[in-house]
Amino acid sequence: MDARMMDAMAGEMMSMAEMPAVDAAVMQACMDACAACEQACTVCSMQMMDCAPSCMNCADMCNTMMRAMLRMPGMTPASMMAMLDACIAMCQTCMDMCMMHADDSAVCAMCADSCRACMDACMAVKDAMMAAA
Amino acid sequence: MDARMMDAMAGEMMSMAEMPAVDAAVMQACMDACAACEQACTVCSMQMMDCAPSCMNCADMCNTMMRAMLRMPGMTPASMMAMLDACIAMCQTCMDMCMMHADDSAVCAMCADSCRACMDACMAVKDAMMAAA
Amino acid sequence: MDARMMDAMAGEMMSMAEMPAVDAAVMQACMDACAACEQACTVCSMQMMDCAPSCMNCADMCNTMMRAMLRMPGMTPASMMAMLDACIAMCQTCMDMCMMHADDSAVCAMCADSCRACMDACMAVKDAMMAAA
Amino acid sequence: MDARMMDAMAGEMMSMAEMPAVDAAVMQACMDACAACEQACTVCSMQMMDCAPSCMNCADMCNTMMRAMLRMPGMTPASMMAMLDACIAMCQTCMDMCMMHADDSAVCAMCADSCRACMDACMAVKDAMMAAA
């Protein structure tokens, strides 16, 4: 995500009354992790039927999560927390599936890594929200 | 959702080891409610800036929820529950925003109704999963 | 798509200066065909690796096409025509892939039927636009 | 897009019989431009009602285009060309709308720039496909 867009978004986020002020860098890292995970899951969904459904579900959830962070005026603290929990749970499911054949498939290993990174980034946003609340 | 597709899906769902057996009609009603809510939110997102961001977030979450129900082999009970909670929370947020101007805008009133129906349908799936577990 | 939503949208469409006035029923039929095709392709993408990538591409394109028809104030005649052509081409690709194993898979047969129906509905919108121009 | 994913994808693309061999760097640049344009349009869709519908349509088309490039085994040369044309047309529509208030809105100016970059990147893929055919 480029600097001009982050500036535009940071201003938007600061002006949200209900939402605890979260460090823009934590949000940006999470959006980037969601975008990377969507891409990895999209590629991985073509590898084998075993993990394809969880990869596709994870790709869609990560895109939805990223877009919601780009549109924070449409979120409340409660819906933000619930979306982050759903994204974490979906990444966990996909990672567990892909880890089963990570030794045989470099793409599944990459996908599992992206899921882990996305989970961590979502948890960091949750932590930042709770610390700021 | 047409009968042929429901037959294809019902067979798929029955064969999932971990997932409690949920009545296919309850799942179908929820997928239809998600699809209707995505459409209503998409139209409503063009009405006024006030609710547009929550409508767009809700449209994306409803589509992601519907697709996940169409791809149950990629879900676990835990990720399913978390996704349903996120969809319910996002519909609640969007409904609350749209209700603020439901008296002035027929589209916002329709969108709020669709959000309410989608929340109810997601809760029915949660109830069915818990009863079957 | 329910009657209330069609009324809201029909009003919107009538007020678009540049866009030829297309019969709302033709548009509605196309949106319904796109929604049905997205669902069929999403289910079919879990059947076999052979057609999964074209099914997923088709599901995404059909959803994007449906949403664009729900947001006609964001379209021009030129972008509308190009999107319809892309949706027709993507449905053709997916149908051709699924037809290769339609005899062995009821889901692939259903998916190919949905692709055909969506192509026809998109062509009907193109015809209506050209007749009205 | 990171190096590991590009390696995974480049292998996939080389093995496609029907598709002309396009330089992986040209494809990667186009996927990155689509991802950036989706994000810019998503943010811009909250600025003013005037360009919001075209921004949302453009965000969806750019995401669909990016995913299709990540899933090239699901494309034919014909569907790829049609999707690229649709993405170019949608970016043009969105850019034209956003340029009308680019002087007043830094976000619209950024969005118009992203649309222009995405159009150029899609045209570069088209050129590479035609040169290789």
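Observations on the model:
The chains carry the letters A, B, C and D, assigned in the order they are written, with residues numbered from 1 in each.
Assume contacts are C-beta pairs under 8 Å (C-beta built on N, C-alpha and C of every residue); 3 or more make two chains touch, one makes a residue touch a chain.
What you see is a predicted model, and the numbers here were worked out from it, not measured in a lab.
When the CA atoms of subunit A are superposed on those of subunit B, the rotation angle is 180 degrees to the nearest 5.
Taken over every residue number at the interface, the positions common to subunit B and subunit C amount to over half, indicating a same-residue contact. Centre-to-centre separation of subunit A and subunit D, using mean CA positions: 21 Å.
Contact with two or more other chains is made by residues 42, 45-46, 52-53, 56, 63, 67, 71, 73-74 of subunit C. Taken as a graph of touching chains, this assembly is fully connected, with contact between every pair of chains. Across the interface of their complex, subunit C is touched by residues 51-58, 60-61, 63-64, 67-68, 71-76, 78-79, 81-83, 85-90, 92-94, 96-97 of subunit D. Partner subunit B is touched in their complex by these residues of subunit D: 42, 45-46, 48-49, 52-53, 56. Listing the residues of subunit C that touch subunit B in their complex gives 1-2, 4-5, 8-9, 12, 31, 35-36, 39-40, 42-43, 45-46, 59, 63, 66-67, 70-71, 73-74, 106-107, 110.
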